[in-house]
Amino acid sequence: MRVLVVNPNTTAGMTAKIGAAAKAASSPGTEIIAVNPAMGPASIEGYYDEAFALPGLLQEIAKGEKAGTDGAVIACFDDTGLDAARALATMPVVGICESALAAAGMIATKISVVTTLSRSIVPIEHLVRKYGFAERASVHASEIPVLALEDPKSEASSVLRAAIAAALKSDGSDAVVLGCAGMADLAKALSSEFGVPVIDGVSAGVRMIEALVGLGLKTSKTGAYSAPLHKTYAGLLSPFAPGKIGA
Amino acid sequence: MRVLVVNPNTTAGMTAKIGAAAKAASSPGTEIIAVNPAMGPASIEGYYDEAFALPGLLQEIAKGEKAGTDGAVIACFDDTGLDAARALATMPVVGICESALAAAGMIATKISVVTTLSRSIVPIEHLVRKYGFAERASVHASEIPVLALEDPKSEASSVLRAAIAAALKSDGSDAVVLGCAGMADLAKALSSEFGVPVIDGVSAGVRMIEALVGLGLKTSKTGAYSAPLHKTYAGLLSPFAPGKIGA
Amino acid sequence: MRVLVVNPNTTAGMTAKIGAAAKAASSPGTEIIAVNPAMGPASIEGYYDEAFALPGLLQEIAKGEKAGTDGAVIACFDDTGLDAARALATMPVVGICESALAAAGMIATKISVVTTLSRSIVPIEHLVRKYGFAERASVHASEIPVLALEDPKSEASSVLRAAIAAALKSDGSDAVVLGCAGMADLAKALSSEFGVPVIDGVSAGVRMIEALVGLGLKTSKTGAYSAPLHKTYAGLLSPFAPGKIGA
Amino acid sequence: MRVLVVNPNTTAGMTAKIGAAAKAASSPGTEIIAVNPAMGPASIEGYYDEAFALPGLLQEIAKGEKAGTDGAVIACFDDTGLDAARALATMPVVGICESALAAAGMIATKISVVTTLSRSIVPIEHLVRKYGFAERASVHASEIPVLALEDPKSEASSVLRAAIAAALKSDGSDAVVLGCAGMADLAKALSSEFGVPVIDGVSAGVRMIEALVGLGLKTSKTGAYSAPLHKTYAGLLSPFAPGKIGA
Amino acid sequence: MRVLVVNPNTTAGMTAKIGAAAKAASSPGTEIIAVNPAMGPASIEGYYDEAFALPGLLQEIAKGEKAGTDGAVIACFDDTGLDAARALATMPVVGICESALAAAGMIATKISVVTTLSRSIVPIEHLVRKYGFAERASVHASEIPVLALEDPKSEASSVLRAAIAAALKSDGSDAVVLGCAGMADLAKALSSEFGVPVIDGVSAGVRMIEALVGLGLKTSKTGAYSAPLHKTYAGLLSPFAPGKIGA
Amino acid sequence: MRVLVVNPNTTAGMTAKIGAAAKAASSPGTEIIAVNPAMGPASIEGYYDEAFALPGLLQEIAKGEKAGTDGAVIACFDDTGLDAARALATMPVVGICESALAAAGMIATKISVVTTLSRSIVPIEHLVRKYGFAERASVHASEIPVLALEDPKSEASSVLRAAIAAALKSDGSDAVVLGCAGMADLAKALSSEFGVPVIDGVSAGVRMIEALVGLGLKTSKTGAYSAPLHKTYAGLLSPFAPGKIGA
């Protein structure tokens, strides 16, 4: 099984970390192909960055599908472009927020999501609601910028620990979901430390996509994920028109 | 007052029709500037097209704000990129789905939304829910492609009438919202014909943005609509980085 | 355009303040007619007062419509009698809670409503839910009686400031809605002070009704807002029977 | 135990029927005092009539409480003025919509409410939601005017039967609630005929108020049902000011 | 009228206390038969205990119905086996959580539920949601084990008082529901002490079942509460097969 | 990896079919141990059967965990005893309704669940809501008894096909979930026939539990799934007391 893991930002160091986490979480026999787009933002912090991550992300999905990957994971916690990727692809595609919540919901009753900046709370709350976890999950910000997680000298780790402790207490929750792909390497240590399951979305995403591929499931093409209709895309974006992208 | 109306697809004929509807709906003293991006899809039908409409749309928002417009209307019924546009701009920005629902909700109790293709039902249902109308509004598809609305020889008009009649009956509704900017010219005739308010989002959007501008309100910059953080955007998209876009 | 602004309590000084705020918020060419009933409670604080504000309020709506006003604003934050007024009138009618939330929802993501007495929290929470803002808006009481807002010697202003500061912090909100018509004169100063949009419902109501009138929309008469059926009203209330009221 | 049953409209024949149903449903030892106001609409069909039923209704509640009744039932299916009555009274007060839904919810899983005119659907749906039955109860109109239920020559009964049959089928429900006090005499026969529980709100209201009184419960006076604050009521309505009403 | 009150745990002392509370709450002429199963857990604290309370509970329901009782109350705040009991019985059956919430909802606007251990919060929250009180009721744990309520030397009472005080403050509620049958004897004193209605579910359950029986209502047998289909039950549980249980 | 698949009814033929489906769906290296209890109902159709399936089911979970299985799947579509099993076990446990919905939600937008008897609609709707799919999934009955699915001469297959076709049309859905473990062998053929993903819960459950085990996740023991407290279980059920069960 070949699984594409797309980091939708353009920071290669973060892609490497995500790829390592994905590899560590994968089943024997699964090949992880971790990529990031050549174009777009260095990190995704809020709605604006998300918009400009889409073209590169979708191009990677198209290239992956043409190269014969069996499924894809979008490795940013705002599940960047997930609906568009599903419309584009026939292979199954999952997001890491979606996957982490699905896994957490099967082993715990209340979930604290701890993300980076407070500007991401509302977008993640929209996902929480969309995925059906509004009554079970609360979203908290640690105020750690995404790329500070890549900096070994930052205080990110201790700040994150404090945010998790506060969230567990105020939510009365029995599981934690880490709300950024850049936190993928921290889950196991934090779980030991806090005595509750701490779930990393990259790992969860890899196992969820393996499950869907293993079940022989493909994205449904009769509803809102129907294949894009062929039409003209103008200007700079003409290479991304349906049928042309990834060609 | 100068109001920017952005048709986020690249079909100039549709922009002209939208601009005319916007002008007809505007107050005396309001200048309507109707534009469309130079890049992106010819029509927006589903999640994939929406993703590629964003760069061009946001560029027009940035250019508009730099040129001193007072507010903006995004004239596609999936409210393409509305959250990203609000993060980008300080002027207020509204979507036509949002505006039409807000207006309909003040004159009626139950609302039938009639849109184009069935692949748009789920995305619009997400908006209906996000804007708080899940208990009051139902979404129906007429299966008319967007650009068929631009073709005087199509049967779009009679198909749309049949879809409206069916929706009113099944919903027990007392108002209709037209679910595509390309239907802007039909609202008045349909309202007379069906005996209920029929609301066009382009017109509603113009009046809603006039209201916000008139109130002196600007997009809040302390939460999820905070200004994008300065960072590197790579490759093809580097001109769209925060601080560079629209320059 | 002629806009009727009805203060549904009988305190003339408050009507004057509301009228001034309405005038200040209105577009050029809009005539504001601010009135209050001759009968009913001096202020509306809870369900009981609200019930007795209805006859006088509806009489003013009827008189206004007969006099040819184009639309009406009900200027009490519990949106007193809004549904009954819509059933009575064909002109559009808006409430100030409804209008303030609609405006706030277009420029911010989370809203703190700060009202007067805690007995009004539940009634306003019902409105918040009815208008679709249950996931975005929280209601707080400052414990300032309505008429204390009319008393220049009261400490209302400083108490209100403290309540707003507390609400912004506990809600993580990015906009404030003032939950009483008597706070109409404070919005601009509070917005500067707190660095977030602070929305007054009277102003928002005027601009919303201008929008609806400008769109040529009238209250739908085929559903729950159908015209009252003619029937006998007995005793003291016989002059208010459908067809007689406002005659 | 003395239970006040207030028919909030002014049709004495309907009050008599309601009183008989209340008496038939009451426990041994309960005295039923069935009244209607001297002022207000002959029937309540929609929001406007409801507004003008309030003064008379609340006067009857006040008089009843002063006369020492132990609890009150408001016998109109829109639960006219229930919140205001609770603020006014210390004795417990229930509505017949609320009571019928509470009873139905304890013996069945899905509930079809069948009311009179379609203009009442939305107001009743608001009650259904407020009382927590939005996922379990659907509201249907038979298009029978309220007073036609008082006319032995009308076809009301057969029209109602057809509406019930249709509702049971479309809802997949296992109980019916009759959505008008004027249907109180029909419940037993309809239950036999349809083979499901058919619940009359007047009967349910009497038994619910008996339950509350028997438990020694009184309306809470620390929240939204706090006693009305003393203040001036002007003009025609001055006799209804808190402290004066019912004196 | 004969009312069966089943304490679904096997602690006889608690059954006696529940029976006394039920008797004290009942109407003249109601006979209370308080029982507990001969098999199952000594107390019900969480999902596991609940599962093993079901066989004994359902056997008592079957025996009661065969003995001609008119209705039944399940006297554990997790409403143990309520749906199964309704499928089994034709007499009406109520739970004490359900009954307490129904009563509280008729005299107050916001409800604080205070239960025993925090592991019961989520199960009770599911009931709160199922019964339609999610927007009005919050659940709190006092961390008192169920059987500590039976021990006169424990500090349960003072711990409970502190939990109630904290809940009223944080919820802004105007009523308290005691979340354990073992607290039945405390309601009146706590109500006096806190100045708000404090509702005991056992008492409420007795009065609610009296109401249903008085109305002549029986559990609906056409939907999810249809009588169990006859089939083989194997092994240890064969005596509980439909048609055999209680024989 | 060793995965326990518990058919909670006592029909061995159905266990064999479930075991075969589980084996077919499992990853290389996963050992499937398919069992059913020695006690309890031959099929689970409604709340009553479900109650008596619990002791046997939980005993199998306990025995499985003691024997060192890594995770468990409960193979009945009402997710019989899932919460109790999670409280009992430290290994992760999933239900097939939960798993099927999770998988369906990642490849489609709207889901039709087609189950056996209509008495199961409400229990499954409760699960749908609990798992967060209330806005995306609708439940339909085919009126096929569970054991008819085991009878090669029954017309179950053609009846099921008709029910699926009707559900897809009325729901506008783009995926089908089969609402009974006894339908596990039909998914692939139905998917081909209807051109949409058709998901079998047994298969989905196996892949979901593999995912959780692969992630190293265990059931959280700090909240509602805390280990049962040690206490006396009386009578027939004493061998099932916490600490004794499975010994």
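Each chain gets a letter, A, B, C, D, E and F, in the order it is written, and its residues are counted from 1.
Keep in mind that, in the parts below, contacts are C-beta pairs under 8 Å (C-beta built on N, C-alpha and C of every residue); 3 or more make two chains touch, one makes a residue touch a chain.
In UniProt terms, the chains line up like this: A, B, C, D, E, F = Hydantoin racemase.
These numbers were taken from a predicted model, which means no experiment stands behind them.
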{"item": "Where chain B and chain D overlap in contact partners, by chain label", "value": "C, F"}
{"item": "Required steps from chain D to chain F (each step between touching chains, minimum)", "value": "1"}
{"item": "Recurring contact interface, reference B-C, options D-E, B-D or D-F [over half identical by residue number]", "value": "D-E"}
{"item": "Interface numbering overlap (same over half, different under half) for chain D and chain E", "value": "same"}
{"item": "Mean-CA-position distance for chain F and chain A (Å)", "value": "28"}
{"item": "Approximate Å spacing (C-alpha centroids) for the pair chain C, chain E", "value": "44"}
{"item": "Shared interface positions of chain E, touching two or more other chains", "value": "86, 109-110, 118, 121-122, 134-135, 172, 223-225"}
{"item": "Arrangement of touching chains [line / ring / star / complete / other]", "value": "other"}
{"item": "Full enumeration of touching chain pairs", "value": "A-B, A-C, A-E, A-F, B-C, B-D, B-F, C-D, C-E, D-E, D-F, E-F"}
{"item": "Chain C to chain D touching residues, read off their complex", "value": "10, 37-43, 45-52, 54-56, 58, 81, 83-84, 86-88, 118-123, 126, 130, 145, 223-226, 228-229, 231-238, 240-242"}
{"item": "Chain A-touching residues of chain E, taken from the complex the two chains share", "value": "118, 121-122, 129, 134"}
{"item": "Complex interface listing, chain E residues touching chain D", "value": "25, 27-29, 86, 92, 94, 98, 102-103, 105-110, 131-136, 172-175, 188, 195-197, 199, 203-204, 207-208, 210-212, 214-225"}
{"item": "Chain B-touching residues of chain F, taken from the complex the two chains share", "value": "109-110, 135, 172"}
